[in-house]
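A short worksheet on the structure shown next.
Chain naming follows the written order as A, B, C and D, and within any one chain the residues start at number 1.
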Amino acid sequence: MQKIYPNAAAALDGLLQDGMFIAAGGFGLCGIPELLLSAIKDAGTKDLTFASNNAGVDDFGIGILLQTRQVKKMISSYVGENAEFMRQYLSGELELEFNPQGTLAERMRSGGCGIPGFYTKTGVGTVIADGKEHKDFPTGPDGAPETYIMEEGIFADLAIVKAWKADETGNLVFRKTARNFNPPAAMCGKTCVVEVEEIVPVGSLDPDAIHLPGIYVHRIIQGDHEKRIEQRTVREKS
Amino acid sequence: MQKIYPNAAAALDGLLQDGMFIAAGGFGLCGIPELLLSAIKDAGTKDLTFASNNAGVDDFGIGILLQTRQVKKMISSYVGENAEFMRQYLSGELELEFNPQGTLAERMRSGGCGIPGFYTKTGVGTVIADGKEHKDFPTGPDGAPETYIMEEGIFADLAIVKAWKADETGNLVFRKTARNFNPPAAMCGKTCVVEVEEIVPVGSLDPDAIHLPGIYVHRIIQGDHEKRIEQRTVREKS
Amino acid sequence: MWDRNQMAARAADELEDGWYVNLGIGIPTLVANYVGDKDITLQSENGMLGMGPFPFAGDENPDLINAGKQTITELRRTSYFDSAQSFGMIRGGKIAAAILGAMEVDEKGDLANWMIPGKLVKGMGGAMDLVAGVGRVIVVMDHTNKHGDSKLLRECTLPLTGKGVVDRIITNLGVLDVVEGGLKIVECADGVTEDELRAATEATIV
Amino acid sequence: MWDRNQMAARAADELEDGWYVNLGIGIPTLVANYVGDKDITLQSENGMLGMGPFPFAGDENPDLINAGKQTITELRRTSYFDSAQSFGMIRGGKIAAAILGAMEVDEKGDLANWMIPGKLVKGMGGAMDLVAGVGRVIVVMDHTNKHGDSKLLRECTLPLTGKGVVDRIITNLGVLDVVEGGLKIVECADGVTEDELRAATEATIV
């Protein structure tokens, strides 16, 4: 069973389709599947719906697919870093579904775990709750009822994910805060394609320290990553 | 903030109360909080409800609390290894709520994640579904409706957990299949007490390889573990 | 008629290269001996992918057991995870197939394999999650009970483990699929005629 | 009147030894400078506990950022996890307190801090999860807007981030708690009288 592909285009071959639903990992520009996004741009696939916490910046991340008008809809928690996004959204060219960040992460994990709906307090009494099922649970002090809303699991056609290392069977290890949405995004995709900085031989990763088992991973590529920093903040040496 | 206690009795001091609800980690006799269970036996706390995948064997694990009649109710997926359990159950002295194993694990994780209810296909059409809310979601082929049942998050008064190593801030690392129910159990306890084989200085664990962050852990003890093997199976050297 | 090992070998034919698979206790455990060159990764639902064989005497590790609580070993590809994650992958359909034993199966694909009312009830363990979640449920069982009565029924009489969950049944007499309207004979075991298989089956054969 | 740093210092007094805390952007970020000897662990909701200060120039790591997308560092106690786990601990009440900015707060504890209709909407990020989930929500904000109008209202006019979620409000004029029936003055800032604080507050003071 060969999971390793020579490059992003080869790894996506046969998986892309106009109108499809893609879950993408990453937070801001940290841990985003930059090579796969670039290959989707080159493939020209249209009318895409993305579940992704952010929309990149104008010339990096999902932003590059906004410039080419390949995106129909975004499901995100924060899109403030992307001027082209805002232009398309305000002109009605782009649909936008805001999800609270934790709701989005849990929706991805839920879909990946075969859970089509769950209840959360997040968003109760806000616009996020409009039209959603409300239900009381006795979780307050002394069993007092508290109100929750139902959110639905995300089941994506494809997940695109960035990890630090993969072994040949697809076991993944992430690095620091670049882990973020990558595991939940990977879990909720019918197919999951992963780009890594290094593919290592099976057996080189500690079985107790694997962040995402290879069962979730269908195709892997290794490549060079720009890993752009969005806000470079430093302190003075004292 | 000192989380380290000298022994199991000290770590449980002030936390035990008759009639309380305890979530315990472990699968079979693997990764069970044996020192804390022993201290609960010594404390004589009564009418306990346990959420625990198994009930130990007659003289080890939760079994020792059955012999002293300290347990009122078990929420478990499999209790076949415990004769005293069966005797008390069949004579009506002990309540038993069977949960499918994955439902039990997810109920614990859900409670720990502030999710009071979630939908699952597990148990639909069986006795497990009796009296539970049913709901259809369009998860079948071409969006065909499929039936799910709602299961509730577990919110325990206390979690007792066994890990391999802890650092002084309670960051935990487990070993092999001894991880099992320990992280979800830890997450769903209002208070979580952990026994480990070794407490290491803060900074000795790889931040990328911590299985359960210290935020879930309130008290820690280090001790010697029997770690009994339930079914010793070996193969011949050829 | 197939013996236990032949049934296991036949079940192993069901598995495809690259699959992640969960094997139940009993005959399903034997399936691992017959996968040959296929790249099959075994899940143990207590939190492990890449389950290896039993250890050599002296190498047993109390921290390394399978779902049957037996000591086992790890492989180079092994990964460990907690029970919530383990059943997340089961419920989420990531496990391609489960091969399980059964007390009864019926023509609608209902499965009963966890309790006999009035007898000692040990619990369902992970069986309900597995049959509800995995991609394909393959049952391996004797075709009849010790009284000669069919275990492939019109309708299960025992409490169910799952409703409409079974895809394929492999017995000592042959292989049957659950299809619209009943069971369909896929093949007969060596030396078993289709008439014999039909005669031993209470379920509707279509 | 308190300046930004004094407000941050006052907010730091709210934190107790051993707490895990989430700090929003703006003045709340400054709170980290005033925790003193207390053992406080900062969460960054993009997947980290034990957030350290900004790196020295040249030590920036693109794989290590906070929820404001700024480069940061790790500490000896640091742990990393994914976004589902991160918001699991937020939603599950494991974070003792969040200190957040606000556009408006009202006397029922409603909070508005994510959108102004008709203006550019960037999204709520993790704010709705935080206010719904953490143990204690402390808002740090100016008491009035640039027109001198109170931001502590009878009822929020902007779309809400959370309903009945705020526990305590720290402004440049003082400290108020959300209680049954309205806001209760806990203390006045240096040189601010209770009358001045009342006059600057639209919300009912009880």
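Just so we're on the same page, a contact is a pair of C-beta atoms (placed from the backbone, for glycine too) under 8 Å apart; a residue touches a chain by one contact, two chains touch by 3 or more.
Note that the structure is predicted; figures quoted are calculated from it, not measured.
Simply put, of B-D and B-C, more C-beta pairs touch at B-C.
Ranked by how far their CA centres sit from the centre of chain D, the chains are topped by C.
Each chain gets a centre from the mean of its Cα atoms; for chain C and chain D, those two points are 53 Å apart.
Taking each chain's centre as the average of its CA atoms, chain A and chain B sit 31 Å apart. Here the spacing of chain B and chain D, counted between their Cα centres, is 35 Å. A separation of 27 Å divides the Cα centre of chain B from that of chain C. Taken residue by residue, chain B touches two or more other chains at 106, 109, 113-115, 120-121, 174-176, 179, 207-208, 211, whereas all remaining positions touch fewer.
In chain C, the residues touching two or more other chains are 74, 80-81, 87-88, 90-91, 133. Going by the touch rule set out above, the chain pairs that meet are A-B, A-C, A-D, B-C, B-D. Of all residues in chain B, only 1, 109, 111-115, 167, 169, 171, 187, 202-203, 207-208, 210, 213-216 touch chain D in the complex they form. Across the complex, chain B meets chain C through its residues 27-31, 53, 76-81, 86, 98, 100-106, 108-109, 120-128, 164, 174-184, 211, 227-235, 237. Those residues of chain B that touch chain A in the shared complex are 106, 110, 113-121, 135, 137, 139, 146, 148, 152, 155, 173-176, 179, 206-209, 211.
Remark: chain D residues 44-48, 53-57, 59-66, 68-72, 74, 80-84, 86-88, 90-91, 110, 120-129, 132-133, 159-164 touch chain A in the complex.
Residue ranges on chain C touching chain A, taken from their complex, read 17-18, 20, 39, 41, 43, 49-50, 74, 76-81, 87-95, 133.
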